[in-house]
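Two complexes come next, and they have one chain in common, subunit A, joined by subunit B in the first and subunit C in the second.
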Partner chain A sequence: MRVLSWLYLAVAYAFVFLPVVVLVVFSFQDGRLPVPPFKGVTLDWYAKVLGDEDLMAALLNSLLVAVVSSLVALILGFLAAHALARVRLPGSVLMRGVLIAPMTVSYLIIALGLLTVFNQMGIRPSLWATGIGHVVINLPLCFAICYAAMGDHQKNAERAARDLGAAEWQVLALVSAPMLAAPLAAAFFLSVTFSWDEFIIAFLLTRFDVTLPVEIWSMLKSGLSPATNAVGSLVFLVSVTLVILLELTIFRRAK
Partner chain B sequence: MTLAAKDRRLGWGLVAPALIWTAAFFILPFLAMLALSFAHMEGREVVQGFDPGNYIRIFTDPTMLGALWNSLEITLVVTVISVVLAYPLAAIIAFRVPARWQRLALLLAVLPFWTSYVVRSYSWLLVLGQNGVVNKALLWLGVIAEPLEIASTRAATVIGFVHFFVMLLTLTIYANLIQLSPNYARAAQDLGANRWQTFAHVILPLTLPGVVTGAFLTFVLCIGDYITPQILGGNTELTLPQLIMLQLGRSGNFPLASALSVVLMAVVTLAYFASSRWLRLDRV
Partner chain C sequence: MTAGVSIQAVSQRYGTATALDAVSLEIAAGEFVVLLGPSGCGKTTLLNIIGGFAEPTKGHVLIGGRDMAGVAPKDRPTTTVFQDYALFPHMSLRDNVAFGLRMRGVDRTRRAAKADAMLALVGLEGRGDRRPHELSGGQRQRVALARALAVEPEVLLLDEPLGALDLKLRRQMQEELKAIQRRVGTTFVHVTHDQEEAMAIADRIVVMNAGRVEDFGPPRQVYLHPATLFTASFMGEVNRIPISGGRAPFGPVPVPDGTLCLRPEAISATGPLRIGPCRVADAAFFGTHVQAHVVPLSAPDLRLAVHLPQSAAVEVGAVLDLGAETFVVLQA
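Here is the complex of A and B:
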């Protein structure tokens, strides 16, 4: 039984890592196709990718959209969670349902809905339009994380601050938010990674300035190339670094 | 003004921005799409009206019905395989791996989750393609004489999906397993249950809400995904999202695309009601 467990674990890890290992190994391929046989190591593809202006512009666009849309989603989600967790409002169950609802809808449908409305209003596809869509998909996540993190412990601190004469915005900014720093950061970084990697909304709602996934998608159309491997490996490296940093700082402290 | 009334006004003020955003950019667009799904095309012009023609076409045209059927089949197969593969993985990490290594084991098991979604499907193409790693390895080992056609088939789509969702489900199922008090299993064993009985009658029922929640998320994400079938499935068969994108691209038929999306949404809603007894969306 024990041996079987370890064997299963090994096979599972092999399956999970197989595509990533192939991706990274063949990003160093000294040849034109990222498939076996492996012809030797070169960094040419990385140089090519890092010198590609379209790709770098797309990368900056992605970062911008991810950070701005996540901030908006976090602020909206935090305020709503604070209200629904602290104040007894009529219809609060319904409101919670409405705020969580986008989580259960395919991104494709959200994208198509926004495209329909923007078309009818004459708003052209842009990074702004994409950012609006990304707030829609990340707001439920930020709301749910903040709502789950609001405990009675903070409630007393907030009440104390109010009794001592703090205005509500001061309570929010100086008491609630700092006490929830870890979940707030977790919600923010999760949102950033989702937005950063999101394809279909960005694909339908951008035209000239595109995000990184859309740019990678257009690279794929010209067939297999180690350059695509190099981009993929770089994205992987950045995300993994971010995850490890998070693990070592925020989540460790949160425990 | 009383304190409660003041509180309530403040509460409304705080919850309003999020509600307005959701109403303006989620509910309103959905209603607009719903209205558009009853319009029809005359030439390249959209004619508004109340015309159920798009829906009649979806449920009579063999291509459209085929796409709906393909999507359902692929999604169900992927969801079942992913749960069956992820549960033992999560259980081994939760119960066999020493406590201090568990977080690392889990982090490693889901590390490829953080690669770009588009690139992940592309990587599977490199693994499964005609000249890919799997074919080259099998040829070298002498297991096969001719390269296998795996890429551009449904099998490739399913493998690509399962890879992603095994990681997602391992996370959610692990989170459930680790919350279980070991006392339940101990009590069952004291009462004479063997390992299998303990699992089937105690552990599994207790983790069912977590499993169903994970399976529901898998269903939603899988049935709405365009990238994986488009990159890995080739053009042999269409899924619903591919059909929707085809309507948007080639023919600019927004009304039909909207109607197809409404059908997609209806399928997800049905899945939601089928699993709602066990769903805990606020505790993912």
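Here is the complex of A and C:
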């Protein structure tokens, strides 16, 4: 039985990680095609990728969109969560539901909706449009994480701050937000990873300046190459680093 | 600085429930007043109204002669020590205590100096760099006190501040609280449901029940000469004896009709109000006194609780001739 359960574990992990492992391994392929047989190790593809100006521009765009849209989503989500957790409003259950609902809608539908709305409003596809799209998908996530983290403990501290003369913005900035530093950071980094990986909204809402996933897709159109694998590995590396940092700093401290 | 509080016919309703019913109180500047009562009596509601966390349905609150209607907590000359301390966990003790001064625009060095002085006042000298989670419950309570006093409020409100502490620590903190109040001279309004705590620290006790003030006076008066039956039994154990036509069940007594209230420790062999010979039904040694239940021979249905001196050797079945030292007669 023991052997079987270890075997099951191994198979499960292989199922999840084999594609990534293959991707990374063939990014070092010393040949023109990222398919078996493996012909030897080279860093040429990484050199090529890192020297590619379009790709590096796309990478910077992606970072910019991810950080800015996540910050906006975090601030909006935090404020909404704070209001709904602290103030008794008519229909607050409904408001909460409506705020979280976009999580259940596919990115494709959201992207199509945004495309239509932006066309109507005369907003051209751009990084800004993509950023707005990413705020739309990450706001429910940030809201849900912040809302779940708000408890009576903070409520009492906020009351004490008001009692000691803090104005409402000071209560938020000096007490509420710092007390929720861990969940706020978790929400931010999760948003960054989602935005960093997101393809379909970025594909439909960008035109000249594109994000990294869109650039990778256009590379794929010209056929398979170990260069694509190298880019994919870099993207994966960034995501994994973010998650590990998150685990080491925030989740560990929260325990 | 210190100010008096005038509460004028304050009522508070939540829907159909009445939390406070036309409560009026005059609290003098520099006084230590305790609001005492069972849970749900309205004492915390009244404290919240003084602090500005709730607006009364009716009536007025004046602090230092100024009407507080519509004045937010942050603009009132009051600060509060909360039951759960409500310290800011992400700040050092110094920053916690200095928070109110920071909100008032005091510069960094001056507020740090003031915070250190306040920490010294509550016995936490040199711990300014610690975080709240490094402290015990009693120490956190001291920080909360220092933080509330740092802004030199005219009135300090304390919402069951010792409720979470164990008995021994609570008794010790009571003494310190009283000493600190004497030192700073601020008006203290303190809420508790512990009558021993109330008597230990209060200049005057406000006994509350069901949204009304039952009694208001110094501990001695409230304990020995309660205004109502509720106060009499809330402040401590009491024997209630019905009097009608100048007669108690054990015989004639020279008091008006009503309910005669006798505290167990007021009953002794020498008391002027004679109860007469009583048989001891049970007795137990309590350390500070001997607690016994006695039945007057002339009234076999009456059972009185009596505290006799530590040295009294009381045996079950013995007959003692008893009387009462101090007593009150109250109308129900």
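Annotations
Please note the rule applied: the second predicted complex is superposed on the first by the 255 of 255 C-alpha atoms of A that agree within 3 Å, B and C clash if a C-alpha of one lies under 4 Å from a C-alpha of the other, contacts with A are read in each partner's own complex, and residues count from 1 in each chain.
Simple rule for what comes next: a residue touches a chain if its C-beta (ideal position, glycine included) is under 8 Å from a C-beta of that chain, and two chains touch if they have at least 3 such contacts.
Keep in mind that this is a model prediction, so the values were computed, not measured.
Following the overlay on subunit A, a side-by-side fit with no clash is recorded for the pair subunit B and subunit C. Taking Cα centres throughout, subunit A sits at the apex of an angle toward subunit B and subunit C that amounts to 100 degrees, reported as a multiple of 10.
Legend: residue contacts after superposition of the two complexes on their common chain; A:157 is shown touching subunit C, with no touch to subunit B. Once the two complexes are laid over each other on the shared chain, residue contacts for A:182 go to neither subunit B nor subunit C. In the superposed pair of complexes, A:123 makes contact with neither subunit B nor subunit C.
Once the two structures are superposed, subunit B and subunit C can be ranked by residues of subunit A touched, with B on top.
For the overlaid pair of complexes, the smallest distance between C-alpha atoms of subunit B and those of subunit C rounds to 6 Å. Of all the residues in subunit A, the ones that touch subunit B in their complex are 2, 5-6, 8-9, 12-13, 15-20, 22-23, 26, 33-37, 76-77, 79-80, 82-84, 86-89, 95-96, 98-110, 112-114, 116-117, 119-120, 132-133, 135-136, 139, 143-144, 147-148, 168, 193, 197-200, 204, 212-213, 216-217, 220, 224, 228-229, 231-232, 235-236, 239-240, 242-243, 247.
Residues of subunit B that touch subunit A in their complex: 7-8, 10-15, 17-19, 21-23, 25-30, 32-33, 36, 85, 88-89, 92-93, 96-97, 103, 105, 107-112, 114-120, 122-127, 129, 131-133, 136, 163, 166-167, 220-221, 223-227, 231, 241, 244-245, 248, 254, 257-258, 261, 264-265, 268, 272, 281-284.
Across the complex, subunit A meets subunit C through its residues 156-157, 159-167, 170, 174-175, 178-179, 181. Put simply, subunit C touches subunit A in their complex at residues 51, 53, 72-75, 78-80, 82, 84, 86-90, 99-100, 103-104, 147-148, 151.
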